[in-house]
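You will see two complexes here that share chain A, one where it goes with chain B and one where it goes with chain C.
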Partner chain A sequence: MKTIQFQIRRQDDPYSPPYWESFSIPFRKGHNVVSALMVIRENPVTREGRRVDPVAWEFNCMEEVCGACSMVINGLPRQACSTLVDNLDQPIRLEPLSKFPVIRDLMVDRSRIFTDLKRVRAWIEIDGAWNIHRGAPRVSPEAWKENYLYSRCMSCGCCMEVCPQYGEDQTFVGPATLAAVRLMNAHPTGSYHKTQRLHAIMAEGGLSDCGNAQNCVRVCPKQIPLTTAIGELGREVTLQMLRDLFGKSE
Partner chain B sequence: MQTSIHNTHFLLRRLHSLLGLLPVGGFLIFHLWENSQSRFGPAHYNEQVVGWLQGLNYLTLLEIFVIALPLLLHAGYGLLILRSGHNEWRRNPWLHHRLYLLQRISGIAILLFLLFHVGWTRIWGIWEPAVKADLFGHMQSILSQPPIFLLYLLGLLLSLIHLCNGLWTMAISWGLTTSVQAQRRWFLFCIALFVLLSAMGLHGMLGFIL
Partner chain C sequence: MKRPRKVIVIGGGLGGLWSALRVAEAGFQVDLFSLFEVKRSHSACAQGGINACFDTKGERDSIWQHIVDTLKGGAYLANQPPVKSMCEEAPGLIQTFERMGVTFSRTAEGVMDLRLFGGVKNRRTVFAGASTGQQLLYGVDQEVRRQESLGRIQKYEWWEFLSLVLDGRDTCKGVTAMNLRTLEVKSFRADAVILATGGMGQTYGHRSTNSTNSTGAAACRAYRQGAWFANTEFFQFHPTAMLGDDKTRLMSEAARGEGGRIWVPQDPEDRRRPNDIPEQARFYFLEEWFPSYGNTVPRDVASRAIWRVVHEMGLGVDGEDKVYLDLTHLNPGFIEQRLHAILDIYRKFHGSDPVHEPMEIYPSAHYAMGGLWVDFEKDEQTGGLKFGSQRNHATNIPGLYACGECDYGYHGANRLGANSLLSASFSGRVAGESAATYLLGLQDDLLSVPEQYYESEISRQQEINRSLTESHGTENPYSLQRALGNLMSSQVGVVRDNDKLRQALESLKELEQRSMNINLQETSNWSNQGLVFSRQLQEMIRLGQVITASALARDECRGAHYKPAFDLTIPENTYPGDPAYEAYRQAWKRQNEDWLKTTIASAGKDGPTITYQPVDLSVLPPEEPRDYR
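Right after this comes the complex of A and B.
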């Protein structure tokens, strides 16, 4: 019988050592990695015939917009929901993202991304002591088109997974968080706090910790131009440094 | 509110980046251009090229503040930066990731090469007047030994890879190149510069022994 073979890196809890287990499911055309993991969960028996605890992993939207099912599939970080089994070499190796603490099996704790987004003020304040806007903010179609590319980020962590500067032992906030600064600064209301955001990424763990290895842009499942954001922010912080050193121009 | 200039992290990173180009990179290009004149023979090289340099006023100050100190600052802070990265050589086999690693490896290699290179020429010349008086003859006797010639060739190429790749990443860090197309064009320019400077350096090395 034709089968689909899996090798899955498992870990029972955050403190126990990882181990590998092999699974095999009957072949069916059109599986994605999530649907295949569901089949394994129905009958969690390894290839050696041992009944084990079902594999733990996260998934949510099933259409590559939520970022929950990020995992390392055959060596590359991808979304399990949009990765089609028919296109993969077998045995399919599934590993949790290595740059985040493992909770269990393929589940990781990506809450550091949220912490770093807060660190760089990646939000837009719409409430003030007075009416911030008279009418809706205006954005040119050209600027909107560029901003839209960055708005697709789902904080999945794939760019951080391949970044040699990102890790649990490092303070670097990673490409997606920097791109969020690019996006928020481009928004008419968000630009009110542009200087604060630029100062945040000029501190430890900010933009200058990028090593320009440019792996991020190659794995981003949403094709976000992360390295362009990094270059544009480079120009912004250069100008900000001049303003800080010599005073503002206006 | 904390601002960038109250945080030394950013300024030190930018200083490190700037020093790599000016004066360190600038000196490297000048150094290769000087030594490319070895082909005009011992008399011209010792009297016109080295003699002119040794006759400069405030030479020691220039050597300390334009060459030695910037180089040591760039190298010292570079060694600190090494700690902020992971070696993920086997993963992600893309060009710029390979260059990211090569930039770090070459940094250490250049430092070791310079200890040998500067020690055996400039530092030794302090105690040994013969080296200073006939630098051409000294270089000729060193470079005639194939292992040392290869070591110099390696030192030359690694230094130029470090300079040209540094120039490429610097353009992104400072915001000169932002779009993918601009970064690619600048990369082609950096490759061309690497080829040109390698040819100039090799020409200078061969001039001592041919």
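Right after this comes the complex of A and C.
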């Protein structure tokens, strides 16, 4: 019988050591990694025939838009729901993202991403979520096109996984968080608070920690031009440093 | 110093985030609970857009027309004052989103672009590329994060709502919730609770477009503690969902709009690849049955036609529940440009290319028009909602509010495309404002509620956990959910019949018994996903009973609820003024006298008890039947 083979890196809780287990499920065309994990979950028996606890992992939308099911699949961080088994070499190796603390098996704690979004003030300061009887200023279609690329970031963590500067012991906020600054600064009224955001990424863990490895842009499931954002921010930060030194010249 | 009053919001999608924001802006503390990081909520899945009348296309579109389209599309079953207000407030709401930084698509002139959506004549749908829901969600998410940084909102992500805490007067004074990592059950005090827990598509198992967390479990828990459900028999089935073992994925209506054709092989035994089946051996049933609309008939009509071809005529592709949605006759460059997002999803998840090979699709449970019953207060002056009233979005349990897809408010018997993001946002805003008003009127101190109410609720919940973890039953929870999904989609689905519904109720009772005899397959007391799922499964089965009992009780066809035994069809080739048409109109009006009423389901000893409530028809009296010819 044709089968699909998996090797899964498991960990019972944040404090216990990791270990590997192998599973095998009957072949069926069209499986993605999540639907295959669902088959394992229903009958969690290893290849050796040992009944074990079901594998824990995170998933929700199954349409590659919520960012929940990030994991390392055959060495690459990706969304498990949109990774088709038919396109993968077997045995398929599944590992949790390594840059975040493991909760259990393939589940990790990505709360730091959201803490860092607060740190860089990735929001628009509105007077209140009520109707002020006007919208925001107009945006040209060209500017929209660029902004829209960045607004699709789903905080999945893939770019951070491959970034050599990002890690549990490092303060670097990572590519996605920097791109959020780029997006907020481009908004017509978001630009009013550009200086605060630039100062946030001029501090420790900010832009200067980027080592320019350019891995991030290669793994982003949404093809967000992260390195372009970082380049643009580099110029902005330089100008901001001059403004800070000499006062406003423009 | 007086202790600041507090609201608990359950759910972090559009509805929950909006309500949290408005409560925080009113100066109260918010505890926001979610099963996962709020940014991953199901609102992100909505692709098409959000309706608001801006009339920027020179079409003389009007807010009134938006109201009419929404009410008629819903077969007049929605209370009309809330719908009126929602449509009137829509443009201001969109502008607020724009201020929050949502990247709406732009015209050459830099204003928000509009697109045409199903069931309407004018361009009224604002959109952000092909990911409008995601963009709207992120816009509010950012503002909530800002409030969080100001200390006004505290998030409890990775916590599951288990039950309400009701005091001696059955007023809601908090919740119990379970930490999904430690599995600790705790109680939380609050002056009011807002449920914004989303849809219930998982009741239909993998035959739903909903996210895996859209189980309806939270709403069902509130129901079992006394909250009413309303109109749950109305479930929208999207005709063109891509099939999958894990879930179905939506192929937007745009595929048909741009020229996609739906067909099956004429011979059910024909096992050739679709491209090898010649034109004369194909059955383009929509085009044959609905010559003027053809493939672009409304969602419910298309779903029923596909059902008929597969179930009554036995013509499903390969003998399975599927038909072809074909784009291969169109210019590849054209569809690539117009339908990029759909093509992308299909290629990604199916692995084949719709440009060269027809897609395989089938109707799938997509949106619950029904949900928790909520009140409203009408403003006699405007005919719309009385803003600021504490009655708006209040459930029948004092202190408990509901908004978003988990309520039943705005869509009547069927929802218009691109009205779901609107109702989620608008209802969240209104619910937050209502809860704030409710808090202002409260006299008692939250701390005066005796601890015993919280403690007894905690031990009740711990007992449920214990019974599941310690039971060494025989049933597999995941197999049970598949059985539930198959049962619901085949017997409480697109086409309904009283005998089958009665059978379904029996089968559901049996499933409920089986769900009490579960083998969790694991005993871990850390991040035990099986325990969490099994608890949700038990609620999904009960919810299935509510949907089925409500469907059984309603002997008519209205919107998404279709019982052919009670069908009234427009006589062929007749139009208003013709005697035959007018006779039909009279029959339709008599049907309204009998059935134009809201279904209320309350939890009884032996299952749901069904009663009815009148509908407020003060804005647009039902004179014109829906006519899609």
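We adopt the following convention: the second predicted complex is superposed on the first by the 240 of 250 C-alpha atoms of A that agree within 3 Å, B and C clash if a C-alpha of one lies under 4 Å from a C-alpha of the other, contacts with A are read in each partner's own complex, and residues count from 1 in each chain.
In this text, contacts are C-beta pairs under 8 Å (C-beta built on N, C-alpha and C of every residue); 3 or more make two chains touch, one makes a residue touch a chain.
Every value quoted in this text rests on a predicted model; they were computed, and no experiment measured them.
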Mind working out whether A:Ser140 is in touch with chain B, chain C, both or neither, as first, second, both or neither? second
Contacts of A:Gln214 with chain B and chain C, given as first, second, both or neither: first
On chain A, which partner touches more residues: chain B or chain C? C
Intersection of chain A residues contacting chain B with those contacting chain C? none
Can you name the residues of chain A that touch chain B in the complex? 75, 162, 164-165, 167, 170, 172, 196, 198-199, 202-204, 206-215, 218, 225, 227-228, 230-241, 244-245
State the interface residues of chain C toward chain A in the complex, per the touch definition above. 18, 21-22, 25, 36-37, 39-42, 44-45, 89, 92-96, 98-112, 128-129, 131, 134-135, 138, 140, 142-143, 145-146, 148-149, 157, 181, 211-213, 244-247, 249, 345, 348-351, 429, 476, 478-479, 521-522, 524, 526-527, 529-530
Which residues, counting only chain A, touch chain C once they are in their complex? 12-13, 28, 30-32, 34-35, 38, 41-44, 51, 53-54, 56, 58-68, 81-82, 84, 86-87, 103-104, 107, 110-111, 114, 117-118, 121-126, 128-136, 138-141, 144, 147-148, 151-152, 154-155, 183-184, 187, 189-190
Any idea which chain B residues touch chain A in the complex? 1-5, 7, 9-11, 13-14, 84-88, 91-92, 94, 96-97, 99-101, 168-169, 172-180, 182-183
